[in-house]
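Have a look at the structure that comes next, please.
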């Protein structure tokens, strides 16, 4: 039986780099993987982009209504037909944007289809509330592993504070992909509470 | 700055034993701790009971409307007045039954009042959905640490399947404290899905 | 394939309690375990004694020349003959006192005989140097898991400082079981270096 | 007080990538780091090279007789003089090649000078025995964190088997940097024992 892993970390903790490295580790051993990410993450369209300068296209995008297990099975079958080879691992970036059902399907891929699933994502939004996908992963993943990064104060960052035009904001939609006006800063709980005015 | 720890594990993984051991470790060093648990957990009333045969009363029960940070502060102050000494740690059993606000208050105790909080609890209910307290802990605890136990098949147990009169049931209220008719069995995802009929 | 686990922690971190809890978790599920400890640990003779007040006799003592894998296999066979049942786990207390060969045999029990081995012990002696058994476990165990306890300063304790007649000492034999004159205090690196005079 | 971290993993688990990502995480926050590696690792001379295609020069090489704490302090002072800024972290690649004294000095940098030290390296040589630096790190690092990679069989790789002209060899010097004739393959314990002829 394989496992479902949730490798979580604040924004800019290197999750995409870690995912691309994990894919590389498999492929260097002549094992094949599939990469996917939720379609909601429009940053770079089909690309997974690491801030270290490495990038790569995903094999498929996961729309909200997609049956992840069925889609994965059909891609595994197609790969088998084309190459005669199997798929050793499914890697998912921005996994916080999966639906709850899709995380259940990811668990089934691991447990019932015996293929490990590595899901990378953030735990919480800019108000410290979980996303649907990350909450479900926190509930049912076999293994919760943290990728660390630092706060401006030197402590471990955990929360993803949102800035509009460089000012911290504490209301708005849950999803606002970072871009021109919206940016994020990973903060430790102390700096986050301080910025939010709880001190 | 201290931290909020969530030490989670399936039922019967030894969480209460671990909590009592942690309390003992502090006290052996002449450091003082407070123990608490949600009032909803009526098993043994004020007692924390370890299946190894050790038990101990909590210092206070946490009712749903309680302001955990204020209550803790007042108990720390009372202890200080009585003994001249401080409190080194707050230990919470059955932390899945905390409210979301109380988990936020636990984070504030750690971050703003600089006293570590060790919260022990299960991740999910008998349907694999989180409890309010455990979901919030999974979102904001500094450290997620798993206490392991085994499934009947020898794999790591993760889910808490409910039995009524010794038959697995998959509908009912989220909270049903184990007793005469209701029991729980910790299962790995594979055995859980199998019992639920997903295979 | 099963795994070899090294659950390490400073003295008085609750290792024996954790071992007895793990044994209990198996037995509660009608699975059988064997408990062992190196014969060098004469504290309580054949007993594993938890500071929480629980104790239990080991099934066998491990003398330095013992072939652990052969001994375990013979005890598994005897148990099978007597009861018709298998052994689900080998639990070893004070594993730092194993020889290197015995740790290799423990790995073989896990990998070749497919029975998990849970080894509990301290990493280092009173001078911060590893014991033969703990060094080998740190080299080859599948999983290194820390059981935490606190230093008098509130930080995590890591080192096991020795006291003779209540004074810290920094020379002497590697093994001196705690008793009347010799005691140990678990310290964090900062307090340890301070006591040793490095500050 | 800062901590000494040992992030260990079998060869080709992505340690250099993780180190470069960690450096990037600091620098993105306008915090400065120093990179170092033992001089014995001649692969790429002063470069740390990630198999993902990223590379970077270390700030200094660590020769066996170097006092790491003094050297680091002098470089911190020089950086301060030149820029007015401090150093937030020391990152060490191939840390298994440090001397025991240098690991003690790394602990002092963390504990006494309050600067975190992230040491990346492998646990063991091609015969599963520790290197001087990795053994000392396993003994005294605050945090032991594993970077995972896979064996050809799909399990987690742990051991670093050596090949000469593509044949596994089980005798030879501890250090043989991989190059034309010598290569390494990361194996799980089962595959390693099988290749070594223990099955």
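Chains here go by letter, A, B, C and D, matching the order in which they are written, and residues are numbered from 1 within each.
Quick note on the criterion: contacts are C-beta pairs under 8 Å (C-beta built on N, C-alpha and C of every residue); 3 or more make two chains touch, one makes a residue touch a chain.
Keep in mind it's a predicted model, so treat the numbers as computed, not measured.
Comparing mean CA positions across the assembly, the chain most remote from subunit B is D. Subunit A and subunit B have CA centres that are 28 Å apart. Annotation: 38 Å between the Cα-based centres of subunit B and subunit D.
Shown for subunit B are the residues that touch two or more other chains, of which there are none. Arrangement of the chains shown, judged by which pairs touch: one closed cycle in which each chain has exactly two touching partners.
By the touch criterion stated above, subunit D contacts subunit A in their complex at residues 12-14, 17-18, 20-22, 24-26, 28-29, 31, 50-54, 88, 149-150, 152, 154.
Residue ranges of subunit B in contact with subunit A, taken from their complex: 1, 107-108, 110-112, 123-124, 128-130, 135, 138-140, 142, 144, 146, 155-156, 158-159, 188-190, 193, 198-199.
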